[in-house]
Amino acid sequence: MREIRQPGVYPYVFSRYVEPIATVRPGETVAIYTVDAFEDQITSESETPSDILGPYLNPQTGPIFIEGAEPGDTLLARIEHIEPTRNWAVSAFIPYFGGLTATKFTRLLHEPLPERVWIYQIEDGWLRHSDRLRFPWRPFLGTIGTAPEIEAISALAPSDHGGNMDVPDVKPGNTVLLPVRVPGALFFTGDVHAGQGQGELCGVALEISAKVTITFDLIKRRPIAWPRIESPDELMTVGSARPMEDAARIAYTELIAWLEELGWDRWDAYQALTQIGSLYVGNMVDTNYSLVAKIAKAYATPSG
Amino acid sequence: MREIRQPGVYPYVFSRYVEPIATVRPGETVAIYTVDAFEDQITSESETPSDILGPYLNPQTGPIFIEGAEPGDTLLARIEHIEPTRNWAVSAFIPYFGGLTATKFTRLLHEPLPERVWIYQIEDGWLRHSDRLRFPWRPFLGTIGTAPEIEAISALAPSDHGGNMDVPDVKPGNTVLLPVRVPGALFFTGDVHAGQGQGELCGVALEISAKVTITFDLIKRRPIAWPRIESPDELMTVGSARPMEDAARIAYTELIAWLEELGWDRWDAYQALTQIGSLYVGNMVDTNYSLVAKIAKAYATPSG
Amino acid sequence: MREIRQPGVYPYVFSRYVEPIATVRPGETVAIYTVDAFEDQITSESETPSDILGPYLNPQTGPIFIEGAEPGDTLLARIEHIEPTRNWAVSAFIPYFGGLTATKFTRLLHEPLPERVWIYQIEDGWLRHSDRLRFPWRPFLGTIGTAPEIEAISALAPSDHGGNMDVPDVKPGNTVLLPVRVPGALFFTGDVHAGQGQGELCGVALEISAKVTITFDLIKRRPIAWPRIESPDELMTVGSARPMEDAARIAYTELIAWLEELGWDRWDAYQALTQIGSLYVGNMVDTNYSLVAKIAKAYATPSG
Amino acid sequence: MREIRQPGVYPYVFSRYVEPIATVRPGETVAIYTVDAFEDQITSESETPSDILGPYLNPQTGPIFIEGAEPGDTLLARIEHIEPTRNWAVSAFIPYFGGLTATKFTRLLHEPLPERVWIYQIEDGWLRHSDRLRFPWRPFLGTIGTAPEIEAISALAPSDHGGNMDVPDVKPGNTVLLPVRVPGALFFTGDVHAGQGQGELCGVALEISAKVTITFDLIKRRPIAWPRIESPDELMTVGSARPMEDAARIAYTELIAWLEELGWDRWDAYQALTQIGSLYVGNMVDTNYSLVAKIAKAYATPSG
């Protein structure tokens, strides 16, 4: 299996103007190496993130050019496997960043909350900081997406191209569907998390560097407006916006659109999701909030 | 077991100024009869809700006076059992109400979406409208709460007294913790749902009339600020506000407060919920949105 | 001119269940005495508001029963004059209350901002705290409204009944139009401000006790959905909601409705307000935010 | 005076990766030619915008390289004069775009509002569509800003670099202060409006092509976080975010910061803006909402 490593500087934006680092054929499986959201710069609990970090955050590996991908297609990225490339993960409290603090946008007059670094050891399928702070290995890709048509979007922001969604369902066994908006799609990924709760409350999950195995494929001439996820049992859509209710509206409207593509009447779909849909918060900390709407395949494609 | 039925007019507000219909002792289990959110007025798919319904919606059964309850206590309501008192449930599309429509508050210039009634038969543990629209029996209390200190809050609104939260975890086997803000607590409940997805997308779940068995208890002199839910395996807090991110902030801050009461350091709790918390949307349709934050007891009270 | 003073306890809610303190005929002018939002309890800069204040805040004078007012009518309250009944005003920083702080609803983990009282002397048409903090006398009614049909709404909250809008255009020379939802309308007012900026940033304006002269009138059988204000030169509508964009949507939609009542085509009105409307923030601190949309009468009722 | 015209394709992003079209010295006054937000493509009321317009919208003139500008400086752009280069302006209703409609982000299930084009003639200082739709000439720059450090931001979006703020105070006689984040600042402007109400309600103002006269200057080594505006009488700050209350928080916090730079104590400034600040909505339709906070210089720099 081919291995893809970033040859030079990591990109910090999703953009068509970044030079591809590799070309992949539909159907091909590759291993992609990623660094953590801090570019592996925070390594000990005695460090102060705000002294170390500048504006260049959340480095991605990419872009990867997908052969034959053209605007209007849908790119499939099946996550096969995630393997850590080191035996520890890092979390941190960063000043004016997170879900329960004043931020750059929810700008208030408070002093920042305490700054702090948390290092977890990876042992036997667990991430361990202490007896109390000990969580299972549940890896996923925090950031994944394609290049937008016009903008260069910060790797910190999720939007309709994917990006920094921080959605735990982007995990091994599931397939992410992404819009193709430029020739070759230009796929980027990074920000692997060894685990994360819904909401990513303090803004920093269990950040690791990793080797990620992905199989790419294409659906020709089927545009999608926002990212989707398919698991063995569920159909999911991701909406990213502010305020959070707009992310919820996008996610559920897109899921109705998906059901319509599967032959549903729109109003039946609206009714069905009222009774059997799921809706959870991926992140409540990034430039946009990401919400995930779901329906079990058992209800989406009943035999009737 | 004592049965409690509304003797006269159902209350449409949570208020200390409504006369109690019964008095219950801590430790007592009672059966409470409820009508559906439309006061059982919509009975067929040929009806037009906006012709039938006025401003008096979501009738509650109550208030029930809890002996010995005083402001500053916490009321426990353990949901033992929910039994339908008819063999069908109703859902509906109501003009300018729901999650994917302009509403009274998200006021826009669009014409309303189509109006419609959906009747489901209850059969063998399923709610069945058609082969496609067929969902399992997963009953819970859509509305539950106590009287606020000063206001009379519409039974359509959730807030820090509980109320119309539409949270599926208010279900048999779980205990709801509610603030006591007036003498006797003044407990109200109603709006039973035979099932509902997260978000209650169109605004109307599988509405039924029901017999609800609840055991009440009191924790003296322990005030709580917002409702909580305890299941056999999880601790949950419910925040209700707009925009939705404020509901998320309330829910997770309250869950940190709960962990602090259990002996946690605040910053450890903030870190733990980042990595292992859950956050889902109860409703995205009511006067306030309700979000539920959770932590598994296995992580909240580790042996370490 | 008849004078109306609160005979007993001030009401802290807008509710049909509060006993009227006076009856007024349409066309009558009365003088109403009000206390400040702290019920005149904070009198010196050495005091600590959080030690003094309980949950009973923003006392209103009322309700006043308007003879002949029935649900579906519109009540007109023309503000004739506002006179202070003491020679000083008070402002304050209250913990977890205000526009640039974490609050009960935007709940975060920060410590509160500093608490502080500011006393201003009224001298020669100015409010003076110091050379730097010296502002002109621009009095208005912070809180004004009628009883809702069902709820008892806290005097701290603005909504479609009016209430705590904190809109500086509720001032002498202007007429406030309020919905009548219960027999007699049940008018409440209070919370006089000697002056306030747009947004009421820290949450507490220049609070005074006052004598307010108001002429009441009725428009029979003309319901309005939200409060309106008419000045000699402008038509204004007030929307109160969260998030703030919902308040903006309500205010402008109501102003389009008003123009339609005056004979405009809906789409012409939408176009005209795009080019010539005004939209300012009354408050960004209360339970709901209040925004005011305006159009000059010169554009609303052109000779053409 | 030197005239600057776009030599080739107009840029649709604010980005450091767009080649400068001219270099200007601090102190220099230049005339800049701009096209309208539709790139002058909509010219008659019989046209259908959605047939004509693609994703490349709101073309800017630029970037203009400012000699000696370095990151950490502040760029001053004094608007001297705006002259239309044609005798008509255009407004339009665009499907799913505007303040009182479902949009890409506030995604709902409604059909779009009616689509429509409005052409206004410029005559004697007025914009005239009909006797009813007739508004004065009040020109300003809808879009103005500098290149961000990392991203390429759509010309449709306002943020901390300026951009599509749609703030009527960006007008002749006023000076816009912009952050310098890249060498040469890279100034872009366009989207001239012959007039606009606060909020830009339907999303499209009175759009014209124009000749804009601007004098540039630099303040060395004084970084600002968000755009500011200085008029002869007022200090203003612009916050752009969603939800709208976040834009309000940013604008007022930045105005407090400005007052602190002028020697104010932070808490005095918070108090002063409570009593004498202004806060209006520039746009309620763009990717972010823009709010403007103001204080009169008479209060900001009292003699005391």
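General observations
Note that the chains are named A, B, C and D in the order they appear, and that numbering of residues resets to 1 at the start of each chain.
In this section, contacts are C-beta pairs under 8 Å (C-beta built on N, C-alpha and C of every residue); 3 or more make two chains touch, one makes a residue touch a chain.
Remember, it's a predicted structure, so these values are computed and weren't measured experimentally.
At the far end from subunit D, in terms of centres built from Cα atoms, lies B. At the interface between subunit A and subunit D, two copies of one sequence, more than half of the residue numbers in use appear on both sides, so the contact is built from largely the same positions. Taking each chain's centre as the mean of its C-alpha atoms, subunit C lies 32 Å from subunit D. Measuring from the averaged C-alpha position of subunit B to that of subunit D gives a distance of 46 Å. Counting partner chains per residue, subunit D shows two or more touched chains at residues 100, 106-109, 242-243, 249, 253, 256, 270.
Residue ranges of subunit C in contact with subunit D, taken from their complex: 91, 93, 99-100, 114, 116, 118, 127, 130-135, 195-206, 242-245, 248-249, 252-253, 256, 264, 267-268, 270-281, 284, 289, 291, 293, 299, 302-304.
Those residues of subunit A that touch subunit C in the complex are listed here as 100-102, 106-111, 113, 243.
Touching subunit D in their complex are the following residues of subunit A: 12-13, 15, 17, 55-56, 105-109, 149-154, 239, 241-243, 246, 249-250, 253, 256, 266, 270.
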